[in-house]
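Some structures are shown below for you to check.
Each of the next two complexes has subunit A plus one other chain: subunit B in the first, subunit C in the second.
The block that comes next holds the complex of A and B.
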């Protein structure tokens, strides 16, 4: 194992975990109201919808899929032990990889070209978005070029990640992997590392209770007639409808 | 408590001497012995060629520096054009020797171990075979005979074993210890199995390249770190190994008649179609979504009324 492997697969994950924990707790305690994502105008239903909604669905499925195999590698291997199930599994995972890829490219273009969005975009927003794009491209590449990832992730990378968590890193397998897979793993550690400094923190405070709370009626409390500017649309004709 | 320390206690002495003798005689006690286990998957010391050359007397045939660099990364040396390295690579059918994940000191202790046990191995071999060593022609005949007997064993084991092997390879029958199926990383172009992975080497003709013994050793004690990690706590049983060898032998023999499918294209196209469906479903599920500002309908009514 080279020094670079030690740096990337032993030092980096520990640094990333420590920075993630200290940074997130620090941000929460010192600037709790910043634990959110600044508006991306996501209620805008034309261009934003096709990026935001498929992106969030896709990235959640991919994230939970990776998490599941990491936590329960034996169950993943059991499922994959039937070749038809394996191919269905890989097909669905790759589908959501492509969904996220298309959606994130759309979101990047929108963020770049939409003046209202550029006003509320910070450099870290661009950094994390490019990082996610990098990860998704590599993920699709790994899925296609080094299949079947869902099985060898369970057999090789899950034990590696557990060895990191149990403070006895076993890096022989990861060190012998192709560089595309190594880059994907390093990319994941970098995302964990920069997580506390990006809009991604909103993931920790996702308003899940919104899913089953009763709906709210929102109504304007002020007299709209009084504040309307008379010198804009209806200078000569008095409106009839309000 | 004091008994072993008592100089007058012969029993204590005997135990101590026995322990010392055992430690000295145990090959594991020698530095490099543990690391050599990986080498033993493909090499012998004085036992003849396996997948790679016999390592007895290797220290006399090659320079120390050359050996250290070849063990550290044989491919680096081959790609740099080292004539000896290329010759060995070609002699052994282009079998790639994986890089040793060892430090220079560890490689040196492995070399020292090989040098040490080479003499012992040769002595043992001589002791075990008091008759004169066979002439080269006889030796090759002998090895051919043993290969033939192995081959006939494999063909006798045949149908049931081949079928078990293909089921194990594909995963329809799981390994007893729960290890990952072979097709997670390997592909074999054979109609009996579907969807092999491409992380690791394609194994259709592995039998021709490595022979019965080689394939068996590779499955049981692979010298590749990724495969070692995958089967570390869940090794294959002897029957499973034999079944896989039988299947790989059959796959090799039949490979010219197969019609392999390209799962990469299938995966790509299913992803493209699948993502189009996901986008379509999103559009349908949220078809009643608000596409304009809240005031838009009021604004439209007003401009229409002018």
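The block that comes next holds the complex of A and C.
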């Protein structure tokens, strides 16, 4: 294990995780206003459909796929034990990789060429978009060149990632990987690292709670029934109405 | 009975002169910012016209508001299923060009251009890109353009009129228009609140003002689709939605909202109405021909002892109940029965009511049939051929044969029911007849009282209507209950904790200073 491996596969992930946690929590609590999808559809109109929808759906599926194999490597291996199921699994993943690749290139082009969008594009937007493009290109490359990723990821890299999380990093498996895969992993850590400072944070506030919320929201600033009672005036615990 | 209070408004359209002072007052205070340049939380439209954003009333385009779904109602273009599936790209979102691309002029070029043979010009530039642009659309672009092919004739409300009626409406000699000032309606069943995936939009329990929490809004932009009045706006710079806040900081301090305060024609009234929140769902789901009546039925009489008792049981402050009893809105809407909500068929139960305009309806214009035809004595003579008749000789003739189809007003204010508009226009007319009897004296007392009786008014009520319409002072037009923030603060922190800690000479609590 070289110093470089230690730097990239032990130091970097821990730095990334700490920065991610501190950064996102800090941003959420102190600068909640800045957390938004920053949708440009209002300036762009219908044409963005063919970029944003495939990009979002594709990257969600790829992310959830990676997450699933990381969390349940045994299930992934079990599924892959049948060659037909393995091919289906890899085929779907690769297809969505290509979808995201095409969509992200389209989104980058539109960001550069659409005069209105250029006005609402920050350097960080370009940085994270290039980073994602880099990741998707490497991901497709890995999928084509180092088959079958869904199996060896479950067998070798998932334990490595778990070793990071359990604070006893074991880098033998990752150190033995080809450099393309290493780059893909480093790219992932860098995305986690810069995540709190990009527009990607809107992913963390996906409004799933909308599903079980009643449609109408009424907020009372204070409970007037309580306010009218003299005996609550000096209590140490107070009702929270907002 | 779940009695709640709502800050509600009446706009008296007969008094609106279309000066846009309200829009400017609002813009100067709230939306003169980057990303908000195109927003007009308060705007004034010429009707007939397409409005702002273009054709906003056409829900086949914008998919706003609620629609009946079986016995229940659902959002037309948003909601849990549609909202979350369209979250990456909302097909029903208006784009900025539906409003207009904000612009300014390069005024500095007028001063800094080098000397030359030509006059320097100030070219228009986009406020989004800064690039020179051709202005195709702007605020109040269709101002006063009744009859114009691009604007007036594309008014979605004309759909209820036959082609002949439309053609007649836009004959040059009969042409009429009126102004429709619009702000957020602060609805009882707000579609924007229901559509917000983040839950950032809420209705304040105390006064019913609908607000967007800017820290919680994530720019999913469903509210822009859902509001059928297009009164939530997407700020393209901050990536958040914004809307009229009814100047709540002013209201809490007892001031009228800026648009209302500045209104030159004094058309705006603001006050509290009490309503029964238990009926909300049933009213929103009512059949279309019952919508207006059931919405008005939901408003409660603030002098009814039962209502007062229920309001107090709900913890409503005495000052709020008192404000409701003096509310000009309650008088116009319920006692006088003169005001109607805008587009009740959207089922959001808007709490901004309009007194429909009489003037474009009343005057009739006919061609002289023959040389001997006599004008009646109080009619106005325009020129040799045309008679501009504001006669009140046959009491309601001019309303029944109005030059401005009542169907058009009905499409705006009563979901197509012309009778509801007609009775209100007749009331306006009856008060005029009554006042003419009082001031000019050429109409007999009997005829004046006959006119009042026919629309269910009495002389004292007509006096009240006249007073509130024409003479009302600031405090009559705006009856704002105290916000009782002092009690709110008591709820948030224990004043006893602070006693002796803060005060003269200290800038922070003594405990922190270690004394």
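Going forward, the second predicted complex is superposed on the first by the 203 of 242 C-alpha atoms of A that agree within 3 Å, B and C clash if a C-alpha of one lies under 4 Å from a C-alpha of the other, contacts with A are read in each partner's own complex, and residues count from 1 in each chain.
Just so we're on the same page, a residue touches a chain if its C-beta (ideal position, glycine included) is under 8 Å from a C-beta of that chain, and two chains touch if they have at least 3 such contacts.
Treat the numbers as computed from the prediction; the structure is a model and nothing was measured.
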**Request:** Could you tell me if A:57 is touching subunit B, subunit C, both of them or neither one (first, second, both, neither)?
**Result:** both
**Request:** For A:155, decide between first (touching subunit B), second (touching subunit C), both and neither.
**Result:** first
**Request:** For A:49, select first, second, both or neither according to whether it touches subunit B, subunit C, the two together, or no partner.
**Result:** both
**Prompt:** Looking at the overlay, does A:166 come into contact with subunit B only (first), subunit C only (second), both, or neither?
**Reply:** neither
**Request:** Using the touch definition from the top, say if A:30 reaches subunit B (first), subunit C (second), both or neither.
**Result:** neither
**Request:** Check the residue A:119 against both partner chains and state whether it touches subunit B (first), subunit C (second), both, or neither.
**Result:** second
**Request:** Could you list which residues of subunit A make contact with subunit B in one structure and with subunit C in the other?
**Result:** 43, 45-46, 49, 53, 57, 233-234, 239, 241-242
**Item:** Residues on subunit B engaged by subunit A in the complex (per definition of touch)
**Value:** 98-99, 101, 170-172, 174, 178-181, 183-185, 193-195, 197-199, 224-226, 228-230, 232, 263-264, 266-268, 270-272, 274-275, 277-279, 282-283, 286, 289-292, 298, 301-303, 305-306
**Fill in**
Listed in rising order, subunit A residues that touch subunit C in their complex are 32-33, 35-46, 48-49, 52-53, 56-57, 115-116, 118-120, 202, 205, 207, 209-211, 213, 215-228, 233-236, 238-239, 241-242
**Residue numbers on subunit C that touch subunit A, as the complex places them** = 79-80, 83-84, 87-91, 93-97, 128-131, 189-190, 193-194, 196-199, 201-206, 214-221, 224, 234, 236-240, 314-317, 487-488, 490-496
**subunit A residues touching subunit B - in the complex, by the definition given at the top** = 1, 43, 45-46, 49-50, 53-54, 57-58, 74, 77-78, 80-84, 86-87, 90-92, 94-99, 102, 140, 143-149, 151-152, 154-156, 159-160, 170, 172-173, 175-178, 233-234, 237, 239-242
